[in-house]
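Consider the two complexes below, in which subunit A is the common component and subunit B and subunit C are the respective partners.
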Partner chain A sequence: MREKSIGYQFERFGLVLVWVAVIAIFALMRPDTFLTWSNFSSIFGSEAVLVIVTLGLIIPLTAGDFDLSIAQTLTFVSMLTAILSARVGLPIEAIVPIALLAGAAIGVVNGSITLFFRVHSLIVTLGVGTFLHGITLWMSDSQTISGVERTLMNWVIIHRMFGIPISFYYAIALALIIWYALAYTTFGQQLLFTGRGREVGRLTGVAVGRVRMTAFIASGVMGAIAGILYTGTTGSANPNSGTSLLLPAFAAAFLGATCIKPGRFNAWGSVVAVYFLVTGINGLSVLGFRTYVHDLFYGGALVLAVMVSQLVSGRKERTL
Partner chain B sequence: MNLAGHPRLTIRGLTKSFGGVHALSRADLTVMPGEIHGLLGKNGSGKSTLIKILSGYHRPDEGSLEIDGKPVALPIPLGRSEAIGLSFVHQNLGLLPEASVLENLIAGDHERVRPWFIDWGSEAQRARALFESYRLDLDPDATVGDLSPVKQAQLAIVRAADRVSAHKAHASPGLLVLDEPTPFLPIEDVRELFAMMRDLVAKGVSIVFVSHDIDEVMEITDRATVLRDGHVIGTFDTRTTDRNDIVAAIVGRSLTQERRVDAPPAAAAPLARVSALKGRVLGGFDLELRPGEIVGLTGLIGSGYDEVPYLLSAARPVAGGRLDIGGETLDLSSTAPAEAIARGIAFIPADRQKQGLALDLTLTENAMLPKCPSGVAGLFLNHRRRETATGGLIRDFFVKAVSPRQFGSELSGGNQQKLLLGKWLQLSPRLILLDEPTQGIDVGARQEIYDRLREACRGGAAVICASSEFEQLAMIAHRVLVFERGRVKAQLEGDAINKSSIELACYGETRIHA
Partner chain C sequence: MKKNIELLGVASLFVLAAVLPSAAQEGLEQARQNIETYSGIPEFTAPGEPFDAKACMAGKKIFTIPASSSIPFVKTISEHKGELAAELGFEHMEWENQGNPTQWIQGIEHATNNGFDLVSLLAGADPRFFEPQVAQAQAAGVKVVTSHLTGLEQEPPAGVDAATAIDYRKAGELMADWTIAQTEGKTNALVLVSNEALSTDSIVSGLTEAFETRCPDCEYEIVNVPITDWATRIQPTVAGALQANADLNYVIPIYDSMSSFVTPAIAIAGRGESVKVATFNGTPFVLDLIRAGDVEMDIGENLDWIAHAMLDAEMRLLCDLEPIRDSKVPLRIFSAANIEEVGNPADAALGYGDAYVEGFRKLWMVSE
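Our next item is the complex of A and B:
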């Protein structure tokens, strides 16, 4: 049986092994700067935002839709949070629900246009994302807004468990929820059929349109959560914060689909992929490479991930 | 028709077999210049093999081909048919609906149109002159998708005729093969096409007209050749031959096959009633179904019989119609598939790879999708139980599978179909709708599928099965409805059902039941 073959298990945990190997190589080269707990706890904490964006992406991806607006949802919500806190003076407890609603509303816009006008989600969300970035720049007058209430920072980055900022645990909790929802619920099955056999699903009674709409709303909310955490990480909002996150998130989503549950977008694969990618970049910068290494690494990883997943599915066909 | 000189097309001894089975066996065919020649035969008679050899798609095992007296080497290289004087219009017409009439007309015309500069002005002028010479009301600037179906057919035919007659490699007006261009057209439009075909032959073009419709062939052709089981049965002069002789040649004498139908259900209260069902072709279909009954629907291509399962299951938009089932009335024009399923309707589509199963998901995921609970229970799927249930289906439906965790794509077609049947029959449906349930499936699997359907009927369900395989209907159906142009043309019942009686009803003009 497939599950029991060593090859399949190797495929499942291949990326984890590569990650460990990468850590080992950098550790050997820079034992005193790279392989320190403070370096790793900062990686785990600061990249929680990227984990959440990636987790948000895989929901519509599973249903066969792209959400390119998720990074700008993050930027917009991050800015909204900063303005409501620093300029309007609302308490954080009031801001969080508003921010989440804003994310859901963006999902509704994406979903409505995609479904009602039958436009490909790639185009719709590209446009909506750019539009959101415009609003963000307008709202902030293209300035970084700082002076956010300290409570938010406490609950994102200052509080630590086992030395790792609490935001990491939020990301893990969300991964747990999404993993469960995809694997153990009727909605997860409906999402899967909507992406992999839309006509089969429709004829078996799945309300395909409603499932896709729900997926867009979920990714909007995930983008909003990431936005709140982003503001909490630095205590401020930068109007260009999300722009550099979209490609890494896509790279991680596709790379994640080559491991843990190969051939499918999956939560734990995404988490592993994000930390593999950021470990690589962190290691390279410790070695002294400059920022261009980000683009090389993320861009290369995305293309490589898609190639590998194609190879994986091709191999499946060949072993029939 | 000019009977002097060389024939336009001479085929001698054309033979082609697939895996030891003769699809075409020593076939001869002669078409004269300016002749309209019909090609008739059932599905699998060898018509399409013959055409695919002519278009260069198949390499024949034996046989020779001459055009205007000149031998042509076989196989014909793909894309070179126009250069030797042959041109084809297939049922799908090969037009790009988004493009204009003119763009479609010159598309792929590498012979005449220069690749580096298209003179749109003079091309449009040439197109107008061409349309005028065939008295066609076509605007070169119109978008093809906006044209009526008959205008699209005219465009495809005039394009094919122009391509071959204007070809520089020869001076022949050429031979057009029209492969079922009419089944979706109403009678008035068919007449319009016939007028165009007469204009074409008046210019010396020869036409091979492939059709299922004997009346059309009788009306438009000079002669017709009938194929059956890969053999040429004969070539008939359609003006002097009796229609029944042609029908006899097409149908032949078929062996009586095993018919295994349970006793017809006793006159019980109807299980379901279909009223005034309308679709694309289907115009007002009514049916009353008794529990335990298997009703077969059939007809020629385009007669609309195959729409019924898709409409009753709400898989396709319904123009109108009601379904009474289980004491409820469904307005099918506003029904979602989920509502039909909730009323006990199961639908097994012909396209199992796109509509039946998601092949890159596992057997469990596929088989258990209709069993996924809603509400709170939907938050706690038990994978072990789902896999056990799928294992049960795999056993009960004799699916040859290694594990419920396998991917659907790893099963053979027959086993996919059995799993699909299991996916739906586990719900104990009241009404089972099928379209071509045994397409591409071996004999053993077929019998198993039939047994399952009979079993469901014994449990009180009713079956509607659309099929183009008459033999299959003869084996399982209590009633067979034969469709023509969207309406029921004949109804066969009980012992009157056998393969030949269904064939006769399909091709014949007698109305057994209005």
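Our next item is the complex of A and C:
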């Protein structure tokens, strides 16, 4: 009954409507430059990495765990990819499986320490992330490594479909997989139970430890995919740059939880949230606003969206 | 009378029409000449008179606080200074740090408490963050200098004893000159800066002056992106500018490490053929990007040359010689035409010749 109510539908698609409104405002102000296919191709193609990091975050978040190491996993794998390609000379086909394995291994480390030593994931992943950053700085000698094989760039930003760089479609394909896994598989349900209450999950027969470990591994692999794409986007690897993606990714994950499936971290909500934020930033740049306005938009949009969402759900609770 | 005024008006128009293109042409020629001058291997220019470095530095101690030991550019200069000090027979210590101002403060206090004669704040350790500690060190008889922090026209910041400067203004001029020469006076550029760095003012003043004097018709927009936001803000800023300005033909990130976030934005917009990148610093990975065709030009400095020049200025101060403001560290323009000279992968010390090695040793009177 509730799912059919207009209020609920409004809540589900509220952010999408705001996104459309933001597009409409920028389109009215700069119809000739903002409302062009090339601009939307740029919006969609430039932030695939952020979408994937956000998607990676929502898996452990659904299970009630934080993965603060995901940005450093990205940076480490990005550097590993660049070094193996530019310095060792391995072909990209050989590097990708190595990089994905490295991401999975980081997930195993995070999961093992969290589960076996019963330490909060926030602390474990913070420590593992900082440790990874140290390794990244050591193996790169704190330098940006360029000279990555051109094939990788071709398969990330140069090849296009409908004018949009192919990395966008990778992000959408991953969102599709995660959406299906969370909504229609036993693992997805177990993940949700684990997140809502570990004891309850355990009593209903869910192997909570195994589920949480799988979530950490999935998050590590997503971080690794983002790392490979990051190197493919910039054609190089910087030992610090991935770090700054962590907060925008968390912002998008929490913003995404206010729409499509309100109250739950969900794949399509995350995608909408990232592109809503990116559209805002792009529009402000096209209008020539200074970069501090970007921060005002980012922070303001997040707080406002969560406030509105709380208001709507709070009102609902009062009417029950 | 009226007829005379009309005639005068027409004559003025003719004169203007004749003068304006020649002024523009003159500016273009000047820009081309500057580019040519700075594209060759630089010559050594002595920053001051010769002095007996070994004799006057005997028993003296220099303490270097680099901006961050994890930045290879700064770390390399600091290490080379240590090697030169060993060659000249006096003590030099580098304060290892990760770029945190509290670590710089610990460093300056360590130097004050351990009998060092001079503290060198190297390439970004900004004394404006710890002015009281600078004053305390000076009160204890320690000389405090900034090295490779300010431009030639900038005064020593925060009351330090001397500031050995780099010609950042010239670097700014050369970036503008390059685009003027390449576009034949039709530059339409996005200039990316980071205002919190002390050198930015100097670079930007050189760049704007070059545009104003040599190419008044050139268009450029300056956008500030704080250093901590490079990874997240540069790409959307460039993407937005490319979208808003169809005539854009240059992006000028004034520090070349910004380039890795500029080039993807240009590639995603599919404007690689029409929008070029001109930048400054000579960081090896950006020199490699010139070889790959993603960056068109980078202005570089030789790190070993900087180490020689900074130590030279610091020794002069301790030997009671005239302080050196202009380090005479030269700049060189790298582009596809001379990129092979820097090695593959690029090496920060290659491509500048070695005239300075002998030059400084003669100045210090240690030459065989």
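Basically, the second predicted complex is superposed on the first by the 298 of 320 C-alpha atoms of A that agree within 3 Å, B and C clash if a C-alpha of one lies under 4 Å from a C-alpha of the other, contacts with A are read in each partner's own complex, and residues count from 1 in each chain.
Rule of thumb we're sticking to: a residue touches a chain if its C-beta (ideal position, glycine included) is under 8 Å from a C-beta of that chain, and two chains touch if they have at least 3 such contacts.
All figures in this text were calculated on a predicted structure; none of them were measured in a lab.
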item	value
Partner chain in contact with A:Ile177 - subunit B first, subunit C second, else both or neither	neither
Superposition-derived comparison: subunit B or subunit C, residues of subunit A touched	C
Touching partner for A:Phe187 - first (subunit B), second (subunit C), both, neither	first
Touching partner for A:Leu245 - first (subunit B), second (subunit C), both, neither	second
Subunit B versus subunit C as contact partner of A:Phe34, first or second or both or neither	second
Partner chain in contact with A:Val286 - subunit B first, subunit C second, else both or neither	second
Residues of subunit C defined as touching subunit A within the complex	70-72, 75, 221, 223-226, 228-233, 235-237, 239-244, 257, 260-261, 263-265, 267-270, 283-286, 288-289, 292, 294, 345
Residues of subunit A that touch subunit C when the two form their complex	30, 33-34, 36, 38-39, 41-43, 45-46, 86, 137, 141-147, 153, 157-158, 165, 233-236, 238, 240-245, 248, 278, 281-288, 290-291, 294
Subunit A-touching residues of subunit B, taken from the complex the two chains share	313, 315, 336-338, 341-342, 347, 349, 354-361, 365-366, 368-370, 372-374, 378-381, 383, 402-403, 405-407, 409-410, 423
Sites on subunit A touched by subunit B in the complex	1-3, 183-190, 192-193, 196-197, 199-207, 263, 313, 316-317, 320
